[in-house]
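Same chain, two partners: chain A is paired with chain B first, then with chain C.
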Partner chain A sequence: MVNFIKDRSSRWTLPADAWIGLLVIIIAVAVPFVIQSRYLLGEVILALIWAGVASQWNLLFGYAGVFSLAPMAFFAFGAYATAMLSYYLGWSVWLSIPAGAIVSIPFSLIIGLACLRLEGVYVALLTFAVAQMMYLLIVTDTGCFQQIGGSCVQFTGGATGFSDFGDFGMRPLLHQYWMIGNYAVVCCGAFLTMLVSWIVIRSPMGLAFRAIRDNPGYAMARGVNRFRTHLLVFGISAFFIGLLGGLYAVHFQAIGPTVFSLSQLLFVIASVVVGGVGSFWGPLLGAVVLTGADEFLSDFGEYRSLGLGLIITAFVVFLPRGLVGEIVHLFALWRRKRQSHV
Partner chain B sequence: MDNRRGLLKRSAGVGAASIGLLAGINKASAADAGKPIPVGSALPLSGIAAADGVEYRNGLTLAAEEINAAGGILGRPIQLHIEDTGNMGPVLTTQAMQRLIDRYNVPAIINGYNDATNMAEMDTAADADIIFSHYNTLLSANTKFNSNPKKYYGCFQGCPPEYYYGVGLLVYLKTLMDEKRWTPANRKIAIIPSSVEYAIVIANAIRDKAKDFGWEVSLFETVPFPNNQWGPTLAKIRQDTPGVIAVTHPLPQDLAQFALQFTPQPTNSLLYMQYGPSLPAFRQIGGKATTGVIYSTLIGCVPDEFSEQFRHDYTQKFGPNSTYLTGSQTYDALWKWALSAAIAGGPGEPYQKAQAQKIAQVMRQLVYRGTSGTSRVDPDGQSAYCYPTQTPDPSLGMPHQFLQVQDATKTPALIAPDLYAQAKFVTPPWMS
Partner chain C sequence: MSSLAEALLSCRQVSRYFGSLAAVKDVSLDVMPGEVLGIGGPNGAGKSTLFDVITGLVPASAGSISFAGRSISGKGADEICHAGVARTFQLNAAFEHLSVQENIEVAAHFGSTARIFPGFRVAASARAAAAESLETVGLIGKSAQRAGALPVFDRKLLMIAGAIVTKPKILFLDEPVGGLNRDEIDLIQALIERLRTSGMTIVVIEHVMRFLLTLSSRVIIMHHGEIIFEGLPGQVAEDRTVVDIYLGQGAAQRLRAHFSDTQHA
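Here is the complex of A and B:
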């Protein structure tokens, strides 16, 4: 009975995760010492943010089976809430970032109440529609909420968005090394997101997510409420995605409606696909690989997008388990082979 | 009394003097001779603005070739490095600029425009103490500069901000009426922006100043960006005919659609658009329906004697379908920076604040006559002065050019400012 929700690799998962986690932390600490370029450090920051968002989407889709296309809506909500709280109320970003993450929860629950009674592709369609509706509401907001000089500021920032609402305060503190300070903050945020993901996945709550995903009928018969469980995972992921949205807005000191673009959403989804759907380390590896590939392809001008598309297609066709999935698969094959020899 | 010929003669003198000045300075210094100077540009070479991005690259290429042929900057040739900003926005644009700084050590970045960036790229430039010149045509760039002039000392907007489109239109309409060249059907104005900052700021400027010029806003309708379905908006216009229709949405293909959907059942209104019609796609798509449309641009090659050589060289090099109007912007910007760097004693490198400040100081002082008219820095926002809305002296401001499509098969005619005009305003066919 319990077998279907028990991770087959549970005998080695914990120590393996601990070792990988340690390695990741060592690499993260070493990065600012190895990378001197602000640009490359900026790319690493962006990869970490997308890795965090992808890990939450992985929690939603890979573990709980909710095919939601709302992550960029949560991301934007957290980012806009952070920007607006600092811009209009003058809050420190250190206060507005967690506040933005917290208000993302009720926002996600409202969306969840409307969408999560549906299943599969219908959830995807409705959540995508919500994100697009948010985009349209923002860009068509033209009413003057504030007049600054000759410029009109709309309540939502309109098509312009918000900028200069505050930063992490690293420039006066670290001078030319301010980017390292930003890196440290984003790193902490991304790792916190992933740590909580890991705890959720390994907890009874995570078991319930997987049970609903793998056999909803059976899980419901055992007393797991599908709607409530999906609502819960929606709320958890919205909090962390909103947090990352706030970090993103403050790092770039700007947020605008371009954050709703389809390419951003596809990058998050592609990170999970490349890394491996339903594998904990997959989103991180996927985001790093795709960011690296994007950087490499940036020298090829207009072929950049084509190259990225080909990479993602190649993974879908030839490595459907994703990188981590393939590594785990190969490791399992090797173990089986070794055991058969013994 | 000033006249067009006199102005052009003086302008041509200034232009020739600029090139001569560069050659003279080059003779005086041979330090680091031959070592290329990397100059960066972050342009939208793919995505929705790719057509403009390519022209911006062309303008830079031509200017770099001419500067290098004149001996470069203090004997050092310019080497261009261009990064693609794709669909633009703050992330892609700042990443591209940071890459130029880190990878190529560029002391200056000359951009065209990058949309929806919130001017975040000014921080990237300021953090690295480089000179940053751009044509975003945004009032928010001025506002950001004014928020901290010490930080953004090296950031220059090569043209006036878009705000002057709005005020400039009202000034031009007043001129038409004062000189009895046009009598409006009524004093109502319909304003139609799309949901982008650029269009909205212009629309707001018209709306906010309309009353001062005796106009009543009869319709203010924001359409999505992009938008080619104008039926509902036109229905409102036809219900309450305005004397003037001002469409501030900038995309040429959409504006052509507006003209196509407006002309079958026109109203007795003057039809004004901005910037978009200056691109060939407007007339190519709109055809005869575009005849009579008035538009304006705050920045672009003035089709006068001064720019004749540039237009010839540009078209020869990049083909008859190239748009020198766009390429002229980065062409002028690179020339102005090169002259300023030479006068200041060299281009410097990123993070060399003292040298960057010297160059910025020269750029502020140098009144440069380029192919787009006179570029003089307004200290209030560090953008170019606008003539005639902001300064009455044409030798001290960039002309806000009003053009009219008088024959859809030919290049539109420059009808204002009078000093530069090649033709007179003609009553649109649907009004006669």
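Here is the complex of A and C:
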């Protein structure tokens, strides 16, 4: 680890990442001791899930420059796969969550094969169409797959979705503190997601992602295959987004077609934009800040999407670097000023 | 044009159309191992498009290209890079948000072999090659700087370093001294001379004729997508068509004077 840190050129950012990471872990451990309210802890869990998804969208868009609007499709795929494996086959959720994450990879590669030949806004259009198609296929599914107690269950769960397919088993274990157990599980999932994306970003993979984002033609001329690299980032992000989807489904013990809603997608994108596109800690901060803001926005019901849209617009116009980007920028200015004085 | 030695790169009747416009039209040329082939001609003559076609960034509309005995027609730019063809760009291309070091590491890690899975560490050999090429062009002291913040001259050097770190057999330079002052031109010229001495085959596009003619062992002039002249550097200013279409009388006279000076000296 120390070795890994020492020989990078942008030296100061790495120890900083390690310190920030430590601070984040300390806060994460302290949260269940500080927050007594089960409702608030639930909100923190949600913020962590969105932070994980946002970090993967940041990997896609901020680092690799792939403007995919399908993150919620992979999220739903992981969530549905988890729910269906447990519901139909009776798998333990501890098995169906990783299985859901793993099957998200081939799913994303199939979509990637179709979408990633294109570039820029066309990728956005096609991935958005895929997500909408999945949504429509699920809500229009009316054929009875199973009859349970006189009511009909569609294969995809239809408009109602799945519920009661299993949980983390924290209630018999922790009694009234079961939410803390759920929090710990989701925390581990989000931590794993962020740790692996950090490793990916610092590896030659991250180098290739950023090179293609900066200048695709030049990257090709230096031997980087755009299509294959984009498939790789698609697969990596789909695994973790699918994993978080599974955790989400099991935490709520329910999953339905509402995860495809535009406001969920906007929330993920807004988290990245608010935190800082292309900055590692941005999505985490963005998701936490927006979950807080969402507490107010949700009081306005259907105006939630409007509020998120306004937040995205305001940041793009006034703070295009995002919160973390601005902090890093100010820090760099301060350093330069200090150096010029010395 | 035909020679007993085997050409390193050969183009046969290569054309590239944009709609009905022929940017490159029926170009056939051979590049011999170890030579420096200069390409000149007015703006819009198709020089850069020819580079784009050869290096796989733009597919040819017709014709065939072979490199080191293998056909590279229709191959992707990354495959052609792996085969040993590297290039620089007229617009000073760089990975703007990456550091100088990272710019070269990308090329070093991905440039010489296809990597299905890029791995978790930049290969030690790639790291060493990166340091070596930065040393060669003289950017080693600036390796931590962001590429986007470099001045024009350093960006040109960065592009050359990124090209040579892929260990090419042939190097295509697209206007390596465009926009540079005389001292900088001399530095680039010395650098290219060093590369040539190390055995690299070089094809160079340039408008700065004195630079082009001094450096090249053979010169091609293009106009409207076609080759209108091919010969030795000393013959360029003597050719009627080239003088009429491209150089003009004044420049031709200055070049002639320059060459007779260097010959007498």
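As a working rule, the second predicted complex is superposed on the first by the 316 of 342 C-alpha atoms of A that agree within 3 Å, B and C clash if a C-alpha of one lies under 4 Å from a C-alpha of the other, contacts with A are read in each partner's own complex, and residues count from 1 in each chain.
One rule holds for everything that comes next: a contact is a pair of C-beta atoms (placed from the backbone, for glycine too) under 8 Å apart; a residue touches a chain by one contact, two chains touch by 3 or more.
A quick note: this is a predicted structure, and the numbers were derived from the prediction, not measured.
A.B. asks: I'd like to know which partner A:G256 touches here: chain B for first, chain C for second, both or neither.
C.D. replies: Only chain B is touched by A:G256; chain C is not.
A.B. asks: A:L232 in the overlay: touching chain B, chain C, both, or neither? Say first, second, both or neither.
C.D. replies: In the superposed model, A:L232 contacts chain C only, not chain B.
A.B. asks: What is the contact status of A:P204 with respect to chain B (first) and chain C (second): first, second, both, or neither?
C.D. replies: In the superposition, A:P204 contacts chain C only.
A.B. asks: Scan A:G223 for contacts with chain B and chain C and give back first, second, both or neither.
C.D. replies: second
A.B. asks: Of the two partners chain B and chain C, which one touches more residues belonging to chain A?
C.D. replies: Of chain B and chain C, more residues of chain A lie in contact with B.
A.B. asks: Between chain B and chain C, whom does A:N215 touch in the aligned arrangement: first, second, both, or neither?
C.D. replies: It touches chain C, and chain B stays clear.
A.B. asks: Would you sort A:Q146 into first (chain B), second (chain C), both or neither based on which partner it touches?
C.D. replies: After superposition on chain A, A:Q146 lies in contact with neither partner.
A.B. asks: Residues on chain A in contact with chain B in one complex and with chain C in the other?
C.D. replies: Touching chain B in the first complex and chain C in the second, no residue of chain A appears in both lists.
A.B. asks: For the complex, which residues does chain C have touching chain A?
C.D. replies: On the chain C side, the touching residues are 55-57, 76-78, 81-82, 86-87, 89, 93-102, 105-107, 109-122, 143-144, 162, 166.
A.B. asks: Where on chain B does chain A make contact in their complex?
C.D. replies: So the residues of chain B touching chain A come out as 45-46, 83-84, 86-91, 94-95, 98-99, 101-103, 116-120, 123, 127-128, 139-140, 142-144, 146-147, 163, 193, 195-197, 200-201, 203-205, 222, 224-225, 351.
A.B. asks: Taking the complex as given, what residues does chain A use to touch chain C?
C.D. replies: Listed in rising order, the residues of chain A that touch chain C are 9-11, 199, 203-205, 207-208, 210-211, 213-215, 217-225, 228-229, 232, 278.
A.B. asks: So in the complex, which bits of chain A are touching chain B?
C.D. replies: Where chain A meets chain B, its residues are 37-40, 42-43, 46, 136, 139-140, 142, 144, 148-152, 158-164, 171, 176, 178, 252-258, 261, 263, 298, 301-302, 304-305.
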